[in-house]
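There are two complexes below, and they share chain A, which is joined by chain B in the first and by chain C in the second.
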Partner chain A sequence: MAKVTLSNLRHSYLSNPSRPTDYALKEINLDWKDGGAYALLGPSGCGKSTLLNIVSGLLTPSEGRILFDGKDVTSLAPDQRNIAQVFQFPVIYDTMTVRENLAFPLRNRGVAESKVTKRVAEIAEMLEVGEMLDTRAAHLSPDNKQKISMGRGLVRDDVNVVMFDEPLTVIDPHLKWKLRSKLKELHQRVRATMIYVTHDQTEALTFADQVVVMQEGEVVQIGTPVELFERPQHTFVGHFIGSPGMNILPASVENNKVIFNGNTVAVEGNIIGNGGTTELGVRPEFVSVSATGIPARVRKVSDIGRHAVIETMVGDMRVRAVAETAHFEQGTEVHLTFKKDQTRLYRDGWIATEVAS
Partner chain B sequence: MSIELKSASKTVRGITHIQPTSLKMSTGHFNVLLGQTGSGKTSLIKLMAGLDPLATGQIFLDGEDVSKLSTQKRNISLVHQFFVNYPHMSVFDNIASPLKVTGMAPSEIEGRVQEAADILQLGPMLKRRPHELSGGQQQRCALARAIAKESRAVFLDEPLANLDYKLREELREQLPELFAGRGAVVVYATSEPEEALLLGGETALMDDGIVTQFGQTAEIYRKPTNLTAARVFSNPPINAAEISKVGKVAKLHDGVSWDMHEDAANLPDGEYVVAIRPHHVLPVKQSDADVALNGIVQVTELSGSESSAHFQMGANGWVSLSAGVHSYKVGENHQFFMDAKKAFYFAPDGRLVA
Partner chain C sequence: MKTENQRAWFFVLPVLLLVAFNALVPIMTVVNYSVQETFGNNIFFWQGLDWFEQILRSDRFHAALGRQFMFTFLILVIEVPLGIIVALSMPRKGFWVPVCLVTMALPMLIPWNVVGSMWNIFTLPNIGLLGYFMNDVLGVNYDMTQQPISAWITIVVMDVWHWTSLVVLLSYAGLVSIPDAYYQAAKIDSASPWKVFRYIQLPKMKTVLTIAILLRFMDSFNIYTEPFVLTGGGPGNSTTLLSIDLVKIALGQFDLGPAAAMSLIYFAITLLVSWLFYTLMTKDDAQ
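Showing the complex of A and B:
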């Protein structure tokens, strides 16, 4: 297993990129530690597949280097990088049994049969597919096929990194959580460096110790699930993570105070920088409907059982609040308060407040 | 406008797919069919749409018996999980296609298509082909076709299942507004309890070809009449375990016991099943009345705004769901706290008793 380093990496699909927008992948520098569980999270078209293809060697970056344990592999072909990959759709041989499928990556490399038997047994036990070892792969259900694909990715213990590209796409919604947690458990047992690419926040947050959030070819935040939820570094992270996402509201700064629709709003700490477009960010969980505060009108109430989402309008801006009960009438005049230590200022999308010391 | 099923059932080669079902769904709100994959949602929609024959019973559209009418003659629309558009036609022609068959005047077709496209923000894309659209736009195209048609009933069969979740959030929010005031009965099938709650209206809970409960969505969530209904309408799964009741005390087989709430305390002594939603089992104590549950954490999941932990206590698996993002140590013992006032009690046959 290896540490993966991306150094000054940039990629453009154009032959002569000149402007920043010509790059499908803007400059990236990061280290993925040996044995870590990482996720690349972002909407379709954000550049995560480009990045994955660069790591696997299917694509050579326009600029920068990629290193495995300090060794430059930028120009190495995929088969020389010693990596394993699990794709969206199961990649298995239908005519082979499950056992033969799992053994294939090992036999292919001339691993001794005694070791093949041992590894296949270990992986089968971890994936709980022991009973189907002699079943022909063609007869498996889609989720079991994908499990076997994962097993093939994990069976070699000499790979530098195992990559998963949206591996749960074909899985029935009600089986997804089982495989999600299975993958997490597998990582804890095999301790390989794993990179998981997805657009699904639950998959990313559940699997990874560290999540790389991407938008339009740019890494907007690298952090633990708790960091991404609690203190988004960019408005996109606030919006993308959490359901409903963070309220992002136009605001101005006057005399070091944040003004939202004529109301002064207390933010977490000192405001940094100046100029640019400023916005206020607060998660619905930290907005409360109260007796005093910012005047608002209730537009819609969604009772989702364990709590209610109250959609209010402040002027022509929509502000959502999560409340314990749905006891609000549409059209009612109410007041909102934002929890100070969870209210932040963003400048041109990036966080512009400091944590109060 | 309404759709009414009277003892409608479906049989395929002697196997019953839909048990005789009687149900009346009307316009003015969403009618949700909620159930897991294979519970019969699509089968029921196909019966109503006339795509499959009835084994028994009748179906009425606005009081008219349409049981024997073909799909074409029922004047209904169907939107599937997979984006179904004609690949060789422009977005405009895709939306216009059901109108053209009716022989409607071109000027009226144009007006209807334009209106539907505007509602679904497809105005600038009318000349494109479906493959030039994103997944969300393709599905909006299919929805626009259903809207332009002004049919008597619109069946939406998990229309958002194949979209990114942020897009799903957006479209889900717009959907009820799109159909509001259009007169059609809207039937929406989903496997996600939260989606049913967000769409509101009325919900039919489905399990194994049976509608186990039907009523106002939030109401049936709060008062499931049977254990199956409680299970269908819970994600993560509702916690359920057998108890023995003696006096006002409920006791799990592994020894944990608590005082039952008043309604339940008055039940005759005996065996029952307690069920409690995952968000009433929390990692932090809320009140002194909370019941402590000690278990080994098996699996944890972070959804973005909430965290869940699956834990094993005695013979039963339990789930806790709490606000915020926090992690648990898998494999370790952890204490959770159950708010027993929120528990449901079911008789051994599954009926709600308290």
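Showing the complex of A and C:
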């Protein structure tokens, strides 16, 4: 188990990067605490797999250093870093039995056979694959194969970091949930530092204590699921996390007041900075339909079970609200209010309001 | 309820006719010859299984069969590992991939009798480039027209030159289909290069290798043109493989009965070995 530090890390797949857009990974500095569960969340092509491969050592960064417990491992090969990685598609050794698969990393490292037997038994019990130990791995179902590839990572007790690269991609939806809670449980049992890469917010938010949201090679926010939900540092996070995502509305600032479509909107606290493009951000969960407020017209109502999403138009801008009931007629004129302490201003994408003290 | 319409069988009729004309009928003529004797004038006498017995007891057949197995064994033992090694050392991407592939495929595109003639001229002791080089430059006494050993080495090398590419191309196809994640996982598991080969590359190549070995077995077991053109079965009988001997009996001596019996035995052996090999190789997957 180890603390992972990324220091001034940058990576480009080009040999002579010059512009910022040449970098697949823009400057990153962060610390992952020993034994934490982290998720790297972002859309396809945001650089999260690049970052993961740099941590595992499959890729050497163009610039910067990676430290495990303060020790520089930037130039070490994957097998010397003592890490484990679970890939998108289950990687198993087809011709071996489940037992041999689990023992493989230990035997390659010359671990004594008595210890191998003990560790394999422990891991098999933990993953609930005990009864399949002697079947050929090729005959397993995809979710069990994925469990075995996880097991190969966890079987080494000295592993520094376990990394997961979208491990649930090929798993059936009803098993996804099972495997996800298994993972969470495993983390609580083994307490290894785990990094989970995904583009699925549900997976990231349920698995991780801390989520790193990435966009176009840049870390836009690091925070707990609640922080990401409640106070996105960037409009991208607001948009990407939550279903439906945050309402991001063009707004102007006049005399320290936020004006949206001619209405003054109260925001959480002081406005900082000036100039740039300003936008108002408020989650649909904090928009309510009431007697007074910003006039809007109901465009569409979708009942999504426990609550309904009301899509309204304020001028030509779409504002979504979450309501308890779906009793709104299309075309009805309504009024919207934004919850003050959950309404924020963004300047050029980044948050530009302070939390009221 | 499903309606059963037996008239659907008529759809199979064209294929049945086709197969009858290109396989069953020719084979049946051979079967026909194999149980009869003729002294010409299209008059045939019933001979029963005598020809089969005669062939199976003949030393000449045993010798040819022995040579045939020796030849097939040698080329499989050389071509399969060599093909795998070449495939493993080929680049996976970039400019050199098509260059390698085309270079590899060239020998296979040359007509078989041309391969035989090429190697004949190439290895002739006095005028052939290789023959001259071996005798006059290296001072090795090499003459495939006179020495059985030289003749054997020549036909084996010729076949290796001609057909190793097939094993290479099929193995290569198997290799490039392995996702990178397997190699990365192996790296993380600290697997040695040998273990990567043994547990990742070899299992993934198994299907294509089975096909490659099967094709190489059948082709080499039935080989005729190249050694016939190169050595004509000589010197003496030293490179008279089964097919060459068969043609000698059938067309040289015009012994249709024994030749037919020998063809059937020959066919049965090819079929039996192929079937055994294929069943053994695919047995694991069926479990």
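The criterion applied here is as follows: the second predicted complex is superposed on the first by the 357 of 357 C-alpha atoms of A that agree within 3 Å, B and C clash if a C-alpha of one lies under 4 Å from a C-alpha of the other, contacts with A are read in each partner's own complex, and residues count from 1 in each chain.
To be clear about the criterion, a residue touches a chain if its C-beta (ideal position, glycine included) is under 8 Å from a C-beta of that chain, and two chains touch if they have at least 3 such contacts.
In this text, all values refer to a predicted model and were calculated from it rather than measured experimentally.
Once the complexes are laid over each other on chain A, chain B and chain C both fit without any clash. Of the two partner chains, neither chain B nor chain C is touched by A:G223. By the touch criterion defined above, A:S243 reaches chain B but does not reach chain C. Of the two partner chains placed around the shared chain by superposition, chain B is the only one that A:P173 touches, whereas chain C remains out of contact. Using the contact criterion defined above for the overlaid structures, shared-chain residue A:A326 touches chain B, although it does not reach chain C. With both structures placed on the common chain, the touch criterion links A:G35 to neither chain B nor chain C. Contacts of A:G273 after superposition on the shared chain: neither chain B nor chain C is touched.
Looking at the superposed arrangement, the partner reaching more residues of chain A, out of chain B and chain C, is B. Chain B and chain C never share a C-alpha pair closer than 6 Å once the two structures are laid over each other. Shared contact residues of chain A with chain B and chain C: none. The touching residues of chain B, counted against chain A in their complex, run 36-37, 134-135, 161, 164-166, 169, 191-194, 197-198, 200, 218, 221-222, 236, 277, 279, 298-305, 310, 321, 323-327, 330. Across the interface of their complex, chain C is touched by residues 56, 58, 77-79, 83-85, 87-89, 91, 93-96, 104-105, 108-109, 136, 139, 149, 152-153 of chain A. By the touch rule above, chain C contacts chain A in their complex via residues 179, 181-182, 184-185, 187-192, 195, 199-200, 203-204, 287.
By the touch rule above, chain A contacts chain B in their complex via residues 43-44, 172-174, 177, 180-181, 184-185, 188, 199-202, 205-206, 225-226, 228-230, 239-245, 283, 285, 302-307, 326.
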